[in-house]
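Paired with chain B in one complex and with chain C in the other, chain A is shared by the two complexes that follow.
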Partner chain A sequence: MVAFVLKRLVGLALTLLAASFLVFVVTEFSPGNVARKTLGAYATPAQVDLLYQRLKLDDPLLVRYGRWLGVLTGILRDPLQDPDLKLDFRDPRGDRYFGNFGYSTLFKAPVNDVIWDRLKNTALLAGIAFAIIVPLSLVLGVLAGMREGSWIDRTISIFGIVTTSIPEFASGVFLFVIFGFWLGLVPGTSPLTTSAGWSIASQLLLPVLVLVLYDSGYVVRMVRGSMAEVMNKPYIRTAILKGLPHRAVVTRHAVRNAMIAPFTIILLQINFLISGVVVTETVFAYPGFGRMLLEASLSKDISLIEAATLIALTIAIVTQLLSDIGYALLNPQIRLS
Partner chain B sequence: MTTPLLSIEGLRVEYRSSTGAVTAIPDLTLSVAAGESYGIVGESGCGKSTLLMAIMGHLGINGFATAGRILFDGRDLLQASAQELMRMRGHGISMVYQDPSAALNPTMKIGRQLMEVPLQHDGASPKEARARTERILTDVHLPDPASVMARYPHQLSGGQKQRVVIAMALLANPKLLLLDEPTTGLDVTVEAAVLDLVGELRDKYGTALVYITHNVGVVAKVCDRVGVMYLGDLVEEASVKEIFANPRHPYTRRLMACVPRLDHDKHTISFLPIPGQPAPLHARPQGCCFGPRCTGFAPGLCDRAIPLEAVAKGHLVRCVRHERDDLFAPAPQELVVPVEARDETVLAAEHLGKVYDLGGTLFGMGSGRQLIANEDLNFEAKGGEVIAIVGESGSGKSTFARVLAGLQPATSGRLLVLGQDLAQLGAKQRTPQQVGAVQMVFQNPDATLNPSHSAGFPVARVLRKFGKAKSGRETRERVSKLFEMVRLAPHLQRQRPGRLSGGQKQRVAIARAFAAEPDVLVADEPVSALDVSVQAAIVNLLLQIQKTQGTTIVFISHDLALVRHLADHVVVMYLGKVMEIGPVRALFEPPFHPYTEALLSAVPVPDPTVESKHIRLSGETPSPINVPKGCRFATRCPRKVGAICDDVVPPARDNGDGHLIHCHIPLERLRQVEPIFQPEAAG
Partner chain C sequence: MNDMRDNPHVKVLAGELAEKKIDRREFVRFATLLGLSATTAYGLAGKISGESFAPKAQAQALPKGGVFRLGNRIKEIKNPHTYSWGAYDSNMSRQVVEYLTFTDEKGVTHPYLFEKWDVTPDLKTWTFKVRPGVKWSNGDTLTADQIIWNLKRVLDEDVGSSMLGLMAGYMLKDADLGKKDDKGNPKKSQVLWDANAIEKVDDSTVRFNCKVPQVAVPEHLFHYPMAILHPDDKGVFGVGSKGTGAFELVDFSVGKQATFKRRNGYWGGDAALDGIEMTDVGDDPSAAIAALASQQIHGLVFADPVQYEALAAMPHLQFYSVPTGETQVMRMKVAEKPFDDARVRNAMRAALDPDAIVKVALHGLGRAGEHHHSSVAHPEYAALPKRPRDVALAKKLLADAGHPDGIDVELNVPTDLPWGQVQAETSVEQWKEAGIRVKINLMPGASYWDVWTKVPFGSTIWYHRPLGIMTYGLAYRTGVPWNESSYSSKEFDDLLGQAEGVYEVDKRRELMAKMEKILQDDGPLAQPLFRDTFTFMDKKVQGFSMHPTNYFFGWKVGLQA
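Entry: the complex of A and B
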């Protein structure tokens, strides 16, 4: 098992390296040159040319990638912070440190000053949503799949299909009308500041609810399908004909086997909740990671895009590793082979 | 007569679905006395599993027992509450399942699965439950119960798993044990050991058994009384000796005539398969349910309700014409005359070997392990001959088939087909002629036919691929001819495989193989997934086609009785090596290789008056990764000579006529063994 995890960690590092190269290539080669994007639309051609030379943008791709990697790992200085350029890019951490993602032209601040707050906000939202989605979907999925075709199964399945098929912007508006407009319990936007007199908790309620409704319907259906399949297995018949009560058959014999298949899907929801909730964040003006990524892309903020994509990728690869480990833990046939 | 332990009276079971209800069991009455062993024989779809599930009160969400009573110990199980059913399953009736791998929870340790029973039903403390479980595991002869309990099911062999399932059933101290084909899918030596165990436990605990199986030999071995089921009806019931000596119902008689026997072969006897197929449940025939397939069907007599009639003491038959001979007269065209082998070597293996590199080290570095699947195979087959390769799982017989068919290249030696060496050639490197010369029929017909193509499609494709038919019209004609050859109705060409029965699918597979006009047909367990009567029909078909085509058949099987019937030459393999090879008659008589002897003594003989010699192999087949250095069989050989068996590869001892035995024991001593089968002493 230890060897397995080590092997996977090495693989993880390699994947990340390859992914970072792709991210670099894709962002640097998007339309328009890097110097122009950094300086913005109002810079003179002379300024752009100067920066172009300073950044040595004529160099081959691999050399530039190596330089970027050097800045990221703190081996090289960040060229943009050179005072000669008069860009006024200042980072209190200095121009050479590990994890230097560069300077966000959109927010006029080092990427590290922007990105972690946004990630924290999203992690808060995603964490609460995930903490509700998982137990809720497991319970509902198991209840539905336990007796295929029963009224509980039908009710839960229909509920799942309905909530999944309503888009987030629709359910967001709909829920606001109920909870905000009619009942006056929650604000319409969630900027996560208490200046308007709304508590942080009340600001979180609607975004969390939208995400839970949207995502749990999908997870419920996955769990239900797997559970229904397991309930038809011969070993469940063995458990029943052993004379075990239905509850023991479900909890002791069925649930663990029914978790094996949806486990990966459940962990994939983490990725979705971190980087895929742009719509919800936009609807509620939530200062989150997804919305930041969207804004950065729209204003061609290269450093921020690169950093955000890299972080999203890291999260995806780590959840993948976790799901592989969890899969092995749940399934002794894999763990012990 | 005392009250029976289990008494089923007028039971009717229906399955309901949105399209209506079908009756699986129309009206069934039988009883089992305490301590008795009752066998139920029948083919797939005859309702025997439904019967067991009705007894267990577990018919699923769409199954209903709509009439009758199932009295167990005086209580009607059909009226029992959920609580009573649970208690009954925990203390009265328990069950042993087919396919033990599927019957055990893969994510729970054996110990926990077993201990659940006493914990649930006896209120035992965990310590007591553990002690009882260990005791029962010792009773089912599993060495080192504590370590077995700490393992997961996938860490045990098939035979060990079945012992665990039996132990689980015994933990409930049942008065009645229901066994649902418990040895189907197990190797013959494992099957024999499990059957021994069932008999031994029955003597020890006095448990009554209901044993359902399609294997008539198993019934002869373990049952006192036998009921034969067809389409949900009990068509005949008698003591085991009576039913084998004097079967009366046409279905029973036909079924018995489909069972291969170790004292006959294709030259002395023909299988008599049952024409047609069982009627579907929703179109049950009027009167006798076997009527449409019976040669003695008489309108006006057989199409009325047929009562069970007592023809002797304890012998019941559901047939109004059972005294008439015409019920069983075989039509002359049913007799199969096998072809004589030509004097021409079609297939020859010379020092053929196949080794798999297992790697298995971190990032592929370091010295890899090797799995020796075939080593030094030497044999040849003549034109029009059936050469059988027998052995248990892991013997390497399927690996040889794959090499021969070009699915994998061999790693050493030569494999000559019509004089051309194909050993290193995969199917891709072979010329179309070479590919066409060797065709395969696989074990599982469900998996070999593409469900989205019609049955005629694969046959037509082979014809075009090998240039056997040029135009579309010619292709259609040839497909029709091939379907006729395998006795399939022409309209089935357009059916999807999902609508064909197992036997029909296997016929399509045979038609596909013969479309290429092969010189060698490799049949890898082609009938082991089929019912006995279907198996008999397919075997007859192969022999008939061989007669006209002169094809050499390599028949791979674990069923020795079937091999005895079909083969001209037999190769016995164990762990990748040949143990014994010879003409079929010589192989089934002394001198034997000790492994062949053990295999033969494990075959359940479909005759209750015959006693087989009791030879049981101890332990498990060793892993093919760490093969014994000397004789492969040395670790389990009951006649091991000494250290020489472990260290020195045994010589081939020539018994004449191509009969070779690879053993350190000299022929004279091998010859001095008693025959395996002995008629029971009179009295």
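Entry: the complex of A and C
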């Protein structure tokens, strides 16, 4: 097990390295000039060129990538913090430390000052949604799967298909019209400030509901499929034939086995809820990680894009690792080696 | 300056007060902006309305108190002198730090931190008087030295302010300061053209000695990066920064909220509001609609045409709009075939129906353009005879130019603004009838800005500028960097040069009419619309008016309980 985990951690580091380089390459070949974006339409071409040079964007790609890596690992000082460049890039942590993600040209602040607060906001949203999605999906999935073809199964399956197939931007608007506009129970946006008289809890209701509806439909269908498959296994038939009550068949024999396949899927929802909530965060003006990543991408803010990518990838790989370990614990037949 | 009571704008205000179109407070507010002393303004108001002079606090006023909540984007605001887009960032800092002049929603520029000014007949020497009694929030008095520090800072190329682009022509010159670029080649710098270009005459007088005549200096001083900062703050703005404005910034969080508190002792009279909260409503149009519907905010800094119908259906909201000079110009590179023939360019114009395009692209929230890039929002706009759509004329012009079977061209369109795409698509359908076959090449805005001066046929966004001649000088004068069509007309250049040397609007309008006609007959553009900028505010909001550049002024606004 220890060797397996270590192997995965080495894989994580290599994946992060490869992904960070790919992000650099993709950003390099995407349209637009970050200096123009930073200075705006009124700036003269000479000013744009000057900023381009100061940001050292005219260095070769590999030089810039190497410098970024050196700054991140604390091997190199961040050259953009040099006061002579007059970029006014200042980081209270200094210009050389491990985990220095650089300076955001979009927010004009160190990436470490920008990213963690937004990640915390998204973690709050994702945590609440996850805490609802998992038990809800398991209960509905098991209920549907244990009697395949019954009215309960059909009702839950239709519910799952409908909620999954409605995009978040549409369900967000529908739900607001009902609960916000008509009933006046919840606010329309979630800026996470209480000045307008709406509590933080009330601002979280709609985004959480949108995520729960969208995501639980999918997980319910996975659990239901797995449960239905298990219920058709010979050992379940044997359990029924030997006279065990239906409840005991389901709880003792079916559920644990039916959870093995959806377990990975459930853990993968953490990735979606952290880095895939761009739409929900945008619809509700939620100050989160997904919306920040979208804005950074539109502005070619390479330092912020790189940091967000590495964090999202780390979360993805760690959850994958946890799912592998959990998989083994649920099914001892599987050997991690 | 002459006695300000003779100022035509004061006379208009007096007429409006007599007809009770405005109240006394508004009269005094605007009359003082026009340079009238407060005492004279109150006296004049009393004479017109028959009421005796009353202290400001007892005058009819906006409702006092309350916190106004505005939907905005909460972008970084650390460096006001280098703001890049204006509507979002400067609308936060402008509640705290102010400008030397004030261009109102009608395009008229008034005194502000500069109390008044004189200009020599050659329009090269501008003498500005600093408004007396203006105090910073730390109690310091506003001085000429502080203003000059700001002016010199924005004109320092190392700072990176876009004021440089506006003022370089008349305040700077190229110089070799021994600087080299990364490859070791000598690099030209821009410095003040004369050591006395910005001159301190005395503690309350600043003089601009311009290299060439310039009529738009007061308008330039209202450009959004020209905020007057306290030199002690070293060009950095944030919570606790000193300002001359009616509010102080007390809390700020990028992407979330900016909170302002009223400051007592404001030189224009204490603001009616207790405070302002600006909340980030994001880029998604539905989020802003939802925030207004649930009354999380009282209004939006500006609204988009796609939001209009939803917002217009909400009974608690009031619609505000103002015509602007904002447009997308479908400009043709005059050196490139087939646009090198003026008849082809005229055919492109003749085949379009601007009124129909306004309806489709802007849902009617705009005005028809006349293919000369001068807007009713500009004070010197001259109305020319209408030229209705004439497809037969367009076909004839093309045939005369050697294209009896029509032409095939490609129009490059940035995707930044949805209405710009719709304008292009509608135009393409109308051009088809005249045998002008146009293929649209949609490009991300960022890509378009890399090639906007190079493509043969492109649809370029031009934002509002307070004077029509400012746009003409940037876009159509021979050889200037932003002349994206490479258009060149000696007659046009001469007229523009004359117009830039004329201070009186009526005389400038006569010259403008000639330039507009040149562009209609020979110009490089098809320009079917100007958009109105608009917004919605809660009906509780009082005193608000829409500004063509979407600027918001907290001191003008009150909130009914």
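Everything below uses one rule, namely that the second predicted complex is superposed on the first by the 297 of 337 C-alpha atoms of A that agree within 3 Å, B and C clash if a C-alpha of one lies under 4 Å from a C-alpha of the other, contacts with A are read in each partner's own complex, and residues count from 1 in each chain.
In this section, contacts are C-beta pairs under 8 Å (C-beta built on N, C-alpha and C of every residue); 3 or more make two chains touch, one makes a residue touch a chain.
No experiment lies behind these values; they were computed from the predicted model shown.
Asks: Given the touch rule stated above, what does A:Gly290 touch, chain B (first), chain C (second), both, or neither?
Replies: Neither partner.
Asks: For A:Gly217, using the defined touch cut-off, is the partner it touches chain B, chain C, both, or neither? Pick first, second, both or neither.
Replies: Neither partner.
Asks: Which partner does A:Ala239 contact after superposing on A: first (chain B), second (chain C), both, neither?
Replies: first
Asks: Please work out whether A:Gly160 is in contact with chain B alone, chain C alone, both, or neither, and reply first, second, both or neither.
Replies: Touch partners of A:Gly160: none, neither chain B nor chain C.
Asks: Using the touch definition from the top, say if A:Pro207 reaches chain B (first), chain C (second), both or neither.
Replies: neither
Asks: Thinking of the overlay built on chain A, is A:Ala3 touched by chain B (first), by chain C (second), by both, or by neither?
Replies: A:Ala3 contacts chain B only, not chain C.
Asks: For A:Pro262, select first, second, both or neither according to whether it touches chain B, chain C, the two together, or no partner.
Replies: neither
Asks: By residue count, which of the two partners contacts chain A more extensively, chain B or chain C?
Replies: Between chain B and chain C, C touches the greater number of residues in chain A.
Asks: Determine, under the contact definition given at the top, whether A:Gly145 touches first (chain B), second (chain C), both, or neither.
Replies: Touch partners of A:Gly145: none, neither chain B nor chain C.
Asks: Okay, in this complex, where on chain C does chain A touch?
Replies: These residues of chain C touch chain A: 67, 69, 76, 78-79, 82-85, 157-160, 162, 164-166, 168, 181-182, 190, 223, 236, 254-257, 259, 277, 279-284, 286-297, 443-447, 449-450, 461, 463, 481.
Asks: Provide the residue numbers of chain B that touch chain A in the complex, in ascending order.
Replies: Touching chain A from chain B are residues 56, 58, 61, 85-91, 94-95, 97, 99, 102-108, 116-117, 120-121, 152, 154-155, 165, 168, 172, 362.
Asks: Once bound in the complex, which stretches of chain A touch chain C?
Replies: So the residues of chain A in touch with chain C come to 31-33, 36-47, 50-51, 53, 58, 86, 88, 106-109, 114, 118, 169, 172-173, 176, 180-181, 184, 186-189, 191-193, 195-196, 198, 282-285, 287, 291-292, 295, 300.
Asks: Quick check on the complex: what are the chain A residues that touch chain B?
Replies: 3, 7, 148-149, 233-235, 237-245, 248, 252-253, 256-257, 260, 330-333, 336
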